[in-house]
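Next come two complexes built around chain A: one with chain B, the other with chain C.
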Partner chain A sequence: MTAPATHESLPQRSRLSLPAFIDGSLLTLVAGAVILWFAPVGMGRYGTYVLSLWLVMSVAVMGLNLTLGYAGLKSLAQAAFMGLGAYATAILTTKYGVSWYAAFALSGLLTFAVGLVLGFPALRVKAHYLAFVTLAFSTLIWLIMRNEQWLTGGVFGIANINRPEFFGIKLFGALEFHRFVVVVTFILAVLLWWMIRSPWGRAFTALRENPIRAASLGVDTRTYTLLAFAIGSAYAGFAGALYAPLVEFIDPSPFSLSQSFFLLLMVVAGGSGYLLGPFIGALLGVVLPEWLRFAGSLYLIIFATIVMLLLIACPQGVSGLLERGWAKVSGKAGARS
Partner chain B sequence: MTQVLEVTNLHKAFGGIKAVNGVSFTVNEGEILGIIGPNGCGKSTLFNCILGQLEPTEGSVRLDGRDVTNLRPSELNRRGVSRTFQLLQVFPELSVRENLILAGQEHEGSMLSRFFGARDAGLSGKADQMISFFKLGHLIDEKAGGLSYGQQKLLDAAMAFMAGPRLVLLDEPAGGVNLTMLGDLKERLRAINAEQGATFVVIEHNMDFVMSLCSRVIVLAEGKVLAEGTPAEVRANPAVIEAYLGH
Partner chain C sequence: MKSHWIIAAALSAGLTGQALAQDKVKLVDVVELSGAGATAGTNWKNGIDLAVADINAKGGILGKQIEIVHYDTQTNPGNTRAAVQRAIDEGTYAVLGPVFSGPIGASMQIAQRAEIAQLVGGEAAGLTMQGNKYLFRTSLSQTAAMPKIAAYLKNTVKAASVAVVWVNNDFGKGGRDAILPELEKAGIKVAVDVATEQGQADFAADAIKIKNANADAIFVYLNEEESARFLRAAKQQGITKPMVGETTLLGAKVIELAGDAANGVKGHVGLSIDAPIPAFQEFGKKFQAKYNYASDHNGLKGYMAVYMVKWATEKQKKFDKKGVADTLRGATIKPSEEPGILIETTIEQNGDLDRESFLAEVINGKQVISATLPKLKP
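Entry: the complex of A and B
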């Protein structure tokens, strides 16, 4: 059946001089990558490290934003997946001499596969019940990382994780590796941007807003649920694969359950379901505590207060706040014109 | 006449309550069948069993002669069965156009082509036509959540037709809709039925709407078929008058 012909006129769509697929989000990503390429100049090793860490965490938060923010599936296992990626990369590169690039791909594949399996409970349980399933998984992975010393080094972790080379260019320095992280993060962010703006993104949103109606419209909610979990987990795996050579040493502590909560906080504070939300959330989670170090032992109290006030003022996070502000400004502009 | 849908001896029990109790009926191609009955008589449960949202306790559902009992709703939709719900079921965060594109996109290409292909899955033109047909053209880029109740009902109905279904099950399409919009909705449904030969099953409490739209009516009471016939026959049936229309 096709829609019957109509003679009613439709509103004309606006015409842009840029190609149709280029939008504000993509331009922001490009501009951000350029700025971050040059940002560490004169910052020193530690400042550069913090910037790189921010981007690495942004990748993990991007994955959780897909799972939670777009598809509406509550997961408390993102740090565990990041740990899986980090350990897979560390073990493959230090014990088996695998190149970082292959280890990066394998880490993504491993976490994709494990995420796919963990997605199955999401077909049966929702909301906080699902969160508890992922919480149990998170605890299990953390225990393996801590107790299986023969594989993971236990609490002593794995040291001497080398940074990769890029076409013969050594990335051992903080600035070089930071620029490498910028490129990888940019590629992953553009991939996610493409996915979100594709029909997949629309299906993920439908899954979050009304899975029963989505299914009645032909959306295979089972496949999309599993994909949202698997792709979100793979992003955590990629983040872990970047984290291991960034820190050059890993142990189980950064991948505990509390870190999963912290990643969740970054999604919510940055703006759940907004493409650029993860960067803002990770900025709050990684860089803001560094800026607050002047406050000494009070910094955590100040940080927690800022986050609470932010979420009270704007439950949609900083991205939601910015969107509201932009709507207000553009509305006023429209009224003036 | 070709049978599109065949429901045979369908039962659905919730514990000791028999919500649907041995319902059988057929729907012919191009027909508009109405299902009426008092609140709690099992109409929506019947729809949910037919459409795979609930697993029937007993009985079968056949679509074009093929058994589709317990088929998942998404699979059933891809086989040409569409529906609306009793309560509003649009996607409030998506625009009107995006709602309609979503309603058709899973029928276009494969998963991979939907990932790599056009953002609108090539459906913008069809969505625009459908929007205009349901007189929502001026709201094309509005978020669905910002529409009035009646407009959302029209959008909900438009979404059900977006993928070109063979059979559409409408669950109380007139509920909460004002008289003007009700007229629009009836006119649109009649037009689609006449021009495209679309087959409908309509659950509705609004008797004028059902009697003026449907060619045949089934009356349910306590999970069973109480009566069946043309609107005039149903109106004149003493059992129906006692169970439903007379109250």
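Entry: the complex of A and C
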């Protein structure tokens, strides 16, 4: 993942992604959105809810994928950023009557700004040390969520968070809200797809592969490191803003440090640095345990075993495995999307 | 010809399956089996399993065997909501659990919308204040227990100042928020207010802080394991002031873990396998025999939850999901009608419970009940 770029690999990447405006990733996103729009029909509220939860977690994982998978910054604060977004949305909509759309935007802005501030240490420290800085931040946010009861409801959380309306259509039903989540996730995923293909995305990847070389090529490493962190955090904020009305209740537990680790696992298991990796990772993290519930009390043990075996078999995650498979079938050398 | 046999076999298998399904009533328990609430949740689950085994051995509810399914919430609101939704989609007759108030808060609207009774183990005061007619407690709420403790501190312990130590989760914070106004009403000064962490191992610093506050008594409101650790730390620091608490300070598990350090501890007990009620003690023995450890109050709560559902169903003489909630609201269940309820229990309109409770003290490693307190509204 952090291997230095070779002379061959960079031109090859640009050759693969340049020819057309539309590529396989975008087509998959469009097809996925269409399928997910209709998927819950006849599925029941439970299935619909799990699909929505999967998409919401995918948004948070997309952000972390940008920070870690593209820019190579190891962050352990993604769940904390998601918490910031969720609490901002919950507080603004329930206590101050702000519309969900404004709260969504403000949650994104807030997490972007905080991500920017937290990104500064990222300029000074690398790898494990950066992880420690974000770990401290994660604990700090969790303590604020739990202890500042006047604002956050403390351990009792915030209940009765309303779901938004869409041009007069109420989204209280599981199916209506699911479709809303599909649309928002699709927009956010396409934005990220565009960003990855833009010069920004190239700069992020260059940062991950070889920061010194990137700097020597004129990439402003300071700005791009900060941007990667801030945009990744903003995606967590957006995910939080969707999570609060989806569950209609929040307390500090889904935003603890262990959840940040879990999000990290989703990035790695899905395939870090692949655009569609977060969806696969979140599918593993959210849908697989639900599906394994038939196994009763053993379900978490089976889940952990599957994840471990998966990572032993394909350290690059499921996306890496698919890519290798595709390369074998088509007889081409694999390249990251 | 062969195909006819196959069709006949398939049909009969289908019919048998259907007949089996008709002979069963499905109950789904959604509870904390992993994450922060796992200890409480496992006790609750075991209590339920014990009740289901008992009821099924005696012929079930109205002739139907109970099919119990447990879903883990991971102590996470999002997962709890999924599990409760799944339980309702699968046609559960009633929802049992969860125990922690966060997961309860995330799932109670779903059971309410589906008009299905949800019997929870949560004790936090706010749960029954939201006008949800389908939510029922299985224990006294903290608002019911704390006035009794404040009166005990004032009249029996004769304390003018109290040090309060609590665990910073929904259980501890809820108890602390409920006791402070009661102490103020009783004219008792809070000398020091100490928050501790769930799962905390070392209580030496907290014990020193409390010792230095030099209060007349110490109110301890921690979960069982933490209570035991605190008692040991307090003994090491030479704290001799009376320690007063609730069910979680005087339980069998605390006495087992704290050893000598538990002697002299006193307080108010709601549900306890040591209470001077033969049915409670009988439950304690059965639980110990089946699971090889002593049940805490959550085991008792889970056990009684199943019997509350059974009683309501037999009372209405049919399986009517909405009817369970309607029958439970405002009802008084007596052990003479339903021995599994263990103690006479009144369910108020908002889902709170009213029961007798006890004042107890730990003497020579045994919980000794010194007085029985009547129901709030006898």
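Keep this in mind: the second predicted complex is superposed on the first by the 312 of 337 C-alpha atoms of A that agree within 3 Å, B and C clash if a C-alpha of one lies under 4 Å from a C-alpha of the other, contacts with A are read in each partner's own complex, and residues count from 1 in each chain.
One rule holds in what follows: contacts are C-beta pairs under 8 Å (C-beta built on N, C-alpha and C of every residue); 3 or more make two chains touch, one makes a residue touch a chain.
Please read these numbers as outputs of a predicted model, since none were measured by experiment.
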Inset, instruction - Using the touch definition from the top, say if A:V133 reaches chain B (first), chain C (second), both or neither. - result: neither
Inset, instruction - State whether A:R202 touches chain B only (first), chain C only (second), both chains, or neither. - result: first
Inset, instruction - May I ask you to decide whether A:A90 touches chain B, chain C, both, or neither, giving the answer as first, second, both or neither? - result: neither
Legend entry - Partner chain in contact with A:L192 - chain B first, chain C second, else both or neither: neither
Inset, instruction - Mind listing the chain B positions that touch chain A in their complex? - result: 51, 53, 72-74, 77-78, 82-83, 85, 89-94, 98, 101-103, 105-107, 111, 114-117, 119, 121, 126, 128-133, 135, 137-138, 140-141, 159, 161-166, 191-192, 195-196, 198
Legend entry - chain C - residues contacting chain A, complex: 33-36, 70-72, 75-78, 81-83, 85-86, 88-90, 101-102, 105-106, 109, 124, 126, 130, 168-170, 173-174
Inset, instruction - Name, in rising order, each residue of chain A that touches chain C in their complex. - result: 44-47, 49-50, 53, 146-147, 149, 154-157, 159-160, 243, 246-251, 253-254, 290, 293, 296-297, 299-300
Inset, instruction - Enumerate the contact residues on chain A facing chain B in the complex. - result: 1-6, 8-11, 21, 195, 197-200, 202-203, 205-206, 209-210, 212-223
